[in-house]
């Protein structure tokens, strides 16, 4: 039987090994993705891939710019829909709604977080897309709009719950002080509470952005997967993530390597978003 | 000001109530749509026969259910010790220096990477390089990588929430560091840790992109770690994209939604019960 | 508390034991690739496994995935609805192609569409122009053998417009065309049913006879691809597919027997 002191020594070593696992995984992932990207980077070149406007692997055209724009477009539109709605719902839950209403709405929001993305995509495909086809009068309904609405629904609960927590976490003196000075409830919310909870709300928005950029299967189901620059809300498009999913099984050689480059681009995009949020966090703390 | 503050408040509150209503309505619509249109398809045959393919999407989802169970079991078996161990390190043993800060940053970064990129990684490493081919093992290993940051972070936060006084009391009584961790901190953080584990299970059930790329999509009943298969979530995608059996897709979706609902309720009730016990045990 | 830990540990041990035990060695083969060949493979494996003790799993992914899978060993048999490209033959010289059936590629529109006959050039122009007010063009994803064949024979080097909708399988294309009034797409003859309308190409109906006698232009062999000569259960299976029973099943499923 080991003495408890030797257990102690061994356990701290074991725990250290576990501790660096996440870091090791990250490094290995980055390394592998980079390695698989090398053939394409060398033969086609990052510039031609990133800024090429034509995607036609059969004829050796590997430009992913249309998909970069597609991903960004869908993310912006979906956040445009989701952020106002989330903020409203968050304020509702934190400040305005009475307890019985809160008991219904909060669990509803939390349940939405857990629903698989394919289910959102399916409902989008079966219920939303035909509706959009009727409105736009052309096509099958697969569109930037359909994809954005589906994404908005997916990120709404995330942004809502984080924003709500942020508002709730404010010291009650903020609210009491404003009210004591004669502000209405709404003025208090809009000019004191929400601005003070800025940091948390932004954190939620950034998390939502990450989730939007990273969504794959639901996008493949409702966006039409056309490698073009979206010409409007009713246009089809293709996202970077959708491109990978739709082509990875069949891609060989340079084509496959370009898909890894796409993965690299996504990786970098997330890093940029993450770093932006960390910077914003730090500045606020000063 | 043209408009009185009271009027502004009324308008604003109207918008706020509307947002809340929209959030609830969306949930009700999605869950309702899936359940109402899908439930009629769910019967014993649906649950106990495997999909037989074909354009009409004949068959049921038995092999998908089994594949999902396999994936969850293998993933959690590997993920839980890894995540817990990493969390213990970060919460209790790691010094607060630049290196650890860097590690923390990498964990945050990893948490944000799109799941399809994990799929790419899994395809390159597990399916191809390690010759595991399209299999449950490949899928599970990929999911472990995907979920590790999440579980690590959740468990770490649970442990950090344990008041320092408890640790110091144990140390004062002569406990070694490991004894403090294993017998004081971890048990006290149990509600949070279990919540993290159950939420990870929920995510494993919901994931589709990485498994789409690493598991192969076979509709047959898996008979081992190396079998190809498709989980319920992936099956929804295949049904939607390859057949006209949209009712069956919705039915599968309904099964998934129910599973998630159960997971959520379980999380809430377990954490509440353990919380009460921890409070009461003082 | 320790009792609970014991329970958890025991459960995990039991689970692991189950999983290890589950890795039994019933022979199994994996067929994957073309979505065109997929229903045919499913039909064949259903009857084949009824009389022999083997697990066969069938996957999709597209013809290129079939070639790739066979070459990389992730698949025992790769299925493709086209011949191997010369680049693939160079890269994977050990692959062997077995014709197992034949198939036509039908050009389909919505049943309510008045159009019922187009020339090859007209079809090419529609696909080259892409989606507009008149047509919603439906295309297949990159790895599709059906798309390869279509581009070779119908498009003849002209690119399909990128603003078409891209779908990952025959089934998805059929569904989209069946549900979109001004859609036009192409699918395997084996997939055609009353939910879509197959138009005549240059006046020729897409039917088994016309594909056989060569009057319908868009035809291809359906192939199983193996790494080296097939052996053991894989050989038995392929022999079965080529037998008269197997070929009859192909015909029943809507594909075309080899002569």
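Letters are used for the chains, namely A, B and C, taken in the order the chains are written, and counting of residues starts over at 1 for each.
We take it that a residue touches a chain if its C-beta (ideal position, glycine included) is under 8 Å from a C-beta of that chain, and two chains touch if they have at least 3 such contacts.
Treat the numbers as computed from the prediction; the structure is a model and nothing was measured.
**Q** Taking each chain's centre as the mean of its C-alpha atoms, give the chain farthest from subunit A.
**A** Comparing chain centres, C lies farthest from subunit A.
**Q** More C-beta pairs touching across which pair, A-B or B-C?
**A** A-B
**Q** Using the average of all C-alpha atoms in each chain as its centre, how far is it in Å between subunit B and subunit C?
**A** Once rounded, the distance between the two centres reads 33 Å.
**Q** Just how far, in Å, is the C-alpha centre of subunit B from the one of subunit A?
**A** The separation of the two C-alpha centroids amounts to 16 Å.
**Q** For subunit B, jot down the residues that touch at least 2 other chains.
**A** Touching at least two other chains: 241.
**Q** Which positions in subunit A are in touch with at least two other chains?
**A** As it turns out, subunit A has residues touching two or more other chains at 220, 249.
**Q** Name the residues of subunit C that each touch 2 or more other chains.
**A** Residue numbers touching two or more other chains: 61, 167-168.
**Q** Using the touch rule from the top, collect the residues of subunit A that touch subunit B in their complex.
**A** For subunit A paired with subunit B, touching residues are 4-5, 7-8, 11-12, 14-23, 25-29, 32-33, 36, 84-89, 91-93, 96-97, 101, 104-105, 107-112, 114-123, 125-127, 153, 156-157, 160, 183-187, 189-190, 210, 213-217, 220-221, 241, 244-245, 248-249, 259-260, 263, 266-267, 270-271, 273-274, 278.
**Q** Would you tell me which residues of subunit B are touching subunit A in their complex?
**A** Residues of subunit B touching subunit A: 5-6, 8-9, 12-13, 15-20, 22-24, 26-31, 33-34, 81-82, 84-86, 88-90, 92-94, 103, 105-110, 112-121, 123-125, 145, 148-149, 152, 176-179, 181-182, 202, 205-209, 212-213, 233-234, 236-237, 240-241, 246, 249-250, 253, 256-257, 260-261, 263-264.
**Q** For the complex, give me every residue of subunit C touching subunit A.
**A** For subunit C paired with subunit A, touching residues are 61-65, 67-68, 87-88, 91, 131, 133, 136, 141-144, 148, 151, 159, 162-168, 176, 179-180, 182-183.
**Q** In the complex, go through subunit B and note every residue touching subunit C.
**A** 52-55, 70, 73-74, 77, 127-128, 131, 133-134, 187, 216-220, 223-228, 238, 241-244
**Q** Could you list, by residue number, the parts of subunit C that touch subunit B in their complex?
**A** My answer: residues 1, 12, 15-16, 19, 22-24, 26, 28, 30, 32, 35, 38-39, 42, 46, 55-61, 72-74, 167-172, 174-175, 178, 191, 193, 195.
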